[in-house]
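Same chain, two partners: chain A is paired with chain B first, then with chain C.
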Partner chain A sequence: MTAVTPRTDTSLVVTGSPRHGRRPARSRRDELSGWLFAGPFLVVFLLFMVWPILHGIYLSFTDQSLTGAGGELVGFANYADALSDPVMWQSLGNTAWFTVLSTVPLVLIALVMALLVDRGLPGQWLWRLSFFTPYLLASTVISQIWVWIFNPQIGAANNILTAIGLEPVSWLQDPNINMMAIVIATVWWTVGFNFLLYLAALQNVPPQQYEAASLDGAGTWRQIWSITIPQLGPTTGMIVILQVLASLKLFDQAYQMLGGVSSDTTRSIVQYIYEAGFVDYRFGYSSAISYIFFALIVIIGLGQAIVTGRRNSAKAGAR
Partner chain B sequence: MSSPPFSASRRQFLALGGIAAATAFLASCAPGSGSIFANSSRPELQFWHLLSGGDGVTMSTLLDQVQAAQNAYAVRPTVLAWGEPYYTKLAMAAAGGRAPDVAIMHATRTLGWAPGGLLDEWDLDKLAALGVSEETFSAPIWEKGRIDGKQMSIALDAHPFVLFYNTDICAKADVLGADGRLKPVSSPEEFLEMLRAVAAASGGHALSYGYLGDGAQMWRLFYTLYTQHGIEMEMPLGGTLGIDRDVAIESLEFMQQILDGELAAAQSDYGTAVAEFSTGKSGFFLSGVWELRTMQDAGIPFDMAMIPTIFGTPSVYADSHSFVLPHQSSPDETKRDLSYRFVADLLKSSLGWAEAGHIPAYLPVTESAEYSTLVPQAHYAEAAQHVTYDPPAWFTGSGSNFQGDFGGAVQPALMSGSDAGEALDRFIDTVNVRLLQPNPADPTEVS
Partner chain C sequence: MTTATETLVTPGAAKRPSAPRHRGTSIGRIVAFVCLLVLAIGWLLPFLWAVATAFKTETDAASGDAGWIGPSGPTIDAFVSILSQGNVYIWAWNSLWTSAAVTIITVAISALAAYAFSRIDFSGRRWLFAVIIAAIVVPPQVLIIPLFYEMLAFNMVDTHWGLILPQVIAPAMVFILKKFFDQVPIELEDAARVDGAGRFRVFWSIALPLSRPILASVAIFVFIGAWNNFLWPFLVINDTTLMTLPVGLQTVISAYGVQYAQVMAQAVLAALPLIVVFMIFQKQIVKGVATSGFGGQ
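After this line comes the complex of A and B, so read on.
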């Protein structure tokens, strides 16, 4: 989002030409070639990020339609409409609910899987591969797979339920559980990425600590609780942030799995933005909802930055 | 970095690469490039459509025929993904005034577009000179192309919701007449009776009807049954939905009666229903004519019929692929004239289109001797006289949110057999909310 990289001892610091002091003779040339290297990126960045963001803000104050009609400035009318639109609030609620439902298992299951693999399940490479492979699939593919699994008549999910003596369930059709079905599919799909991050972090825990702990008589559970999990702290923080941001973007799998039926209980805010803009052609309105959502994300992001910032400075103070 | 020769040659390399890329980019933007039909002597018509799969193959064969038959124009087709992706792009092209010369739209979608000036009007005199006029179409199909007294679209076909039936199973169930075609039924009881006989003969379900997650499928059957009561829904902009609640409940409850798990699977999706019927496990199949090819390829013995008139008035839900002239700010007159000719040519050779299952809208084709020998197409051709489209409103039509909203409202009732009235009230609420929103293509429009 921003180009400001906090300068810490671990972060990769790209230094441009220093602005202080007398410049060496060749620094101007270096600066030029720096801009040349950054140029292609900057052009794309300005065209496809900065400009759409600014234009979107403008659109949100107009009644612009995708069909070219409208375009008059209407002040805050779109925002007023959106804030009093029950569908928008419900969609926001759905996105938030999905974020809560999906983030918890996506962190916990990834941690458990990583611990199992790291603690020496036989055939580590096989587990690593099978846990990560679903993540490589396109959302269209996983949607198809899970639509079949959740088929109420011939799907695998209901076969398993009936085999263990439970009632079959209309996974994607029952408004009370279709969000759960999407969470299950999403966890299966993306847990591999978090698993990989955890696994890498686990392999960085110094083995001496375990050695020392076992000399002092700590058992496996004690080691996991007192060494592994604290050592994974920063990784967990990062995974949670990445996961919350990814879950807030919920759209494609839910949209594809529900198919051609409107579902009030799974329509995410991103889907509502899409529907308002590209199905109902209300660009202005759709932009306004986008910026309301954007504002909420910024608030979440700031809150999170404050929390981690405090934690980091507390650590620095302790050092 | 420090070695000048290397650095220079790298820059040269980058510069050359840049020039090459720019040239390629510009070349690809040049008009007419990349066309398989590029022919410097013939003007090229841009033709957009949304037909893929079997329909796409048939359309491409038809285009080849039409192009081979004359030297006046060439056609460059552009195929975009069905539904919203297509309509979004076409709307933006028309809004910019640089639209393709001709395009195909669902007739039900033109109503939302015409008031905002996204479509140009067809000149009836020019069409008549090419042998295309009101007399060459069935009345409901021609009427659907007229909006506020202007002809905004010319139908290529009608693709109604129809009944497929397995002739072996139906013969065993003794529901075929002496001519080998399905015996007529005229009441809900008779139809259910027929289904019971077919279920006994098939050993499985009588009827395959997939609707899960598919608002369009639910709407097609529901609106067929609803309009068979001799009424249609009214959707006045700014008003409230005109619906006969009792009739709607009767129609929905009839669907629930069929979806009892015995006559038809209670919870089936579209693919499962296709699979069930195409493997000979059921006697009837409710779907659109576009599944004709699939069933022919499956090699089962089957025929097709218009959906029986169960509630008194013959009516079947349908839509039409129609030709439109997307708005161009400064149309090239020669190309416009050739576009008319292209549409007339395609209509006249639309017998090929019937092979994909659709009923050609152009009467000289369906009244030809050749068509009457085309089976099963000829067996459901009468449906073209009784087609009913979506209720006119800017937000209805194929691929719109409206049908998805209907599905969202009634799907729980169809799956569980729960209160139909409650489901209908949910649907009525969503429509009433929509009716308060202005048409985004023309926010000033008031009906």
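After this line comes the complex of A and C, so read on.
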């Protein structure tokens, strides 16, 4: 086997079983079929992912506009403009604020839902249906429903407020609370996804642990607190990071609930990318903001990878 | 009654994921049930309220009357006027066929690529896979400008292919499927290969049938994502007759923004197909969330 050189065609037969001994030379057939199998994906990946990423970087250094005017290289001017643009910072601030406000309830409520459903009470399909169905709805649909609920004159939200003796508010028009209205709608819309992730994780907790605990006389709350929650640690970490990354991309529901009106208190960074590009037609500037946002996402992703990596190696060390 | 005795009596119960493994006291169960009920009602209410409004007359809907049935009684007028406007059918068809195309293409090219990365020893396999994994973190929203530019160059603005093609790249799905193929015992394929079957034969007649459940989960998720996608279809399609349901509906809201019953009827109609899909495929969707959700990791 060792005598086989990569270029000889006779190696085909020998390299057919690549699991013995040292790594054998690649066969030409494998080479060809590998590229043929991966080819279709790689072509669209190159065309609609790699190329736009590279072209976007180039655009961010030009003053390109949609109409084709401009296109001169302007160096770091777009980035310098963006970093001194108060609206850019405001949009980033709004995005961060939305992420904090939405992630906390989206994780906690999902956990409570999953813990309750996992108790095996009757009506399993009904609980899943109620909590998860909103996630299936298009942003257009949920926006229409919540605009109606938040209608200041005839909406249900103000009916409830007046019923419990509070003053009615202009949910989507008042800059002090329109972000809160978007958070409420978002929690209702997407909590079902996290709920199902938690439910799947709960069903993997070994039942023997509960049996041992109840033999020791631990009550339900003790069991949840000292067995279930710690077991869910890795799941919670993952749900939090997925949720943060999802919340940072806020656009669809915020844009539609406000009817396309740009509000200084709800404009997210993705909305600003959209407005700079497709309302003001400043493609170069919009690309620069895109890459600032992209860099933030990468930093968060790397931070998460480092944290999980450290946690895993700590675990491995403990064994 | 403990779980252990129950398992002894009915051995099948242990396999059911929803089997009551840790019951607690009956008071605890009642409290849990009441909490669940309150949460479920809270989550269903907004949608039920939209349904109720869709069955009101416009006058009743605009009156702010909080009752489930308006003073003029229930009516299907709102649905009739929505469905008689014609465009809804075109949008629904556009949504259906573009989402189906996105799903079929995504699943096909992702499965082929995942199989290559899992099973075939070709040069570049490692670093290519690493690049694809890295691409999982790329938010599609940051690519809208260069992608739109590219579509202009390809003459694909205002075409369904311009809508479909950028949506078929799903690096996370390649990752999930590769992990799945890695777990399939290679002996199954070796036997077929000794018999002289080519790579594609083995993939088609052994690997694919084994992966049918996970492919179904992936497909359902890709379909839901494509059906509900808003930003990209909103940017790339301007022609009213080419719009998908979410984008088309969005454009007409302002046209009759004060006709609440019609707006709610629209919302209900647009929501129905996916609710039906969920009721039929509930099991696969729940499983799909577990696998695809974790696949993003």
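Quick notes on this structure:
Simple rule for what comes next: the second predicted complex is superposed on the first by the 290 of 319 C-alpha atoms of A that agree within 3 Å, B and C clash if a C-alpha of one lies under 4 Å from a C-alpha of the other, contacts with A are read in each partner's own complex, and residues count from 1 in each chain.
Basically, contacts are C-beta pairs under 8 Å (C-beta built on N, C-alpha and C of every residue); 3 or more make two chains touch, one makes a residue touch a chain.
Only a predicted model underlies this, so the values are computations on that prediction, with no experimental measurement involved.
Contact with neither chain B nor chain C is seen for A:A212 once the two complexes are overlaid on the shared chain.
Once chain A of one complex is fitted onto chain A of the other, the partner contacts of A:I154 extend to both chain B and chain C. Applying the stated contact rule after C-alpha superposition, one finds that A:F278 touches each of chain B and chain C. Looking at the shared chain after the overlay, A:L73 reaches neither chain B nor chain C. With both complexes superposed, C is the one of chain B and chain C in contact with more chain A residues. After overlaying the two complexes on the shared chain, residue contacts for A:G259 are found with chain B and with chain C alike.
In the overlay built on the shared chain, the residue A:V100 is in contact with neither chain B nor chain C. By the document's definition of touching, neither partner reaches A:L108: not chain B, not chain C. In the superposition on chain A, no contact is made by A:L166 with either chain B or chain C. Put simply, chain A uses residues 151, 153-154, 259, 278 to touch chain B in one complex and chain C in the other. Partner chain C is touched in their complex by these residues of chain A: 16-19, 26-27, 29-35, 37-38, 40-42, 44-45, 47-49, 51-53, 55-56, 59, 112-113, 116-121, 123-134, 136-141, 144-146, 148-149, 151, 153-154, 156, 159, 188, 193, 196-197, 199-200, 203, 207, 210-211, 214, 219-220, 223, 238, 242, 245, 248-249, 251-252, 256, 259, 270, 273-274, 277-278, 283, 286-287, 290-291, 293-294, 297-298, 301.
Those residues of chain A that touch chain B in the shared complex are 63, 65-70, 147, 151-154, 170, 172-175, 258-264, 275, 278-282. Of all the residues in chain B, the ones that touch chain A in their complex are 84, 88, 91-92, 94-96, 113, 116, 118, 212-216, 265, 267-269, 272, 395, 400-401, 403-405, 407-408, 411-412, 415, 430, 437, 440-443. Taken together, the chain C residues at the contact with chain A in this complex read 2-4, 14, 17-25, 28-29, 32-33, 35-36, 39-41, 43-44, 46-47, 49-50, 53, 62-64, 66, 108-110, 112-113, 115-117, 120-123, 125, 128, 132, 135, 137-139, 141-150, 165-166, 168-169, 171, 174, 186, 190, 193, 198-200, 203, 224, 227-228, 230-231, 235, 245-247, 249-250, 253-254, 257, 260, 263-264, 266-267, 270-271, 274-275, 277-279, 282, 285-287, 289-290, 293-294, 296-297.
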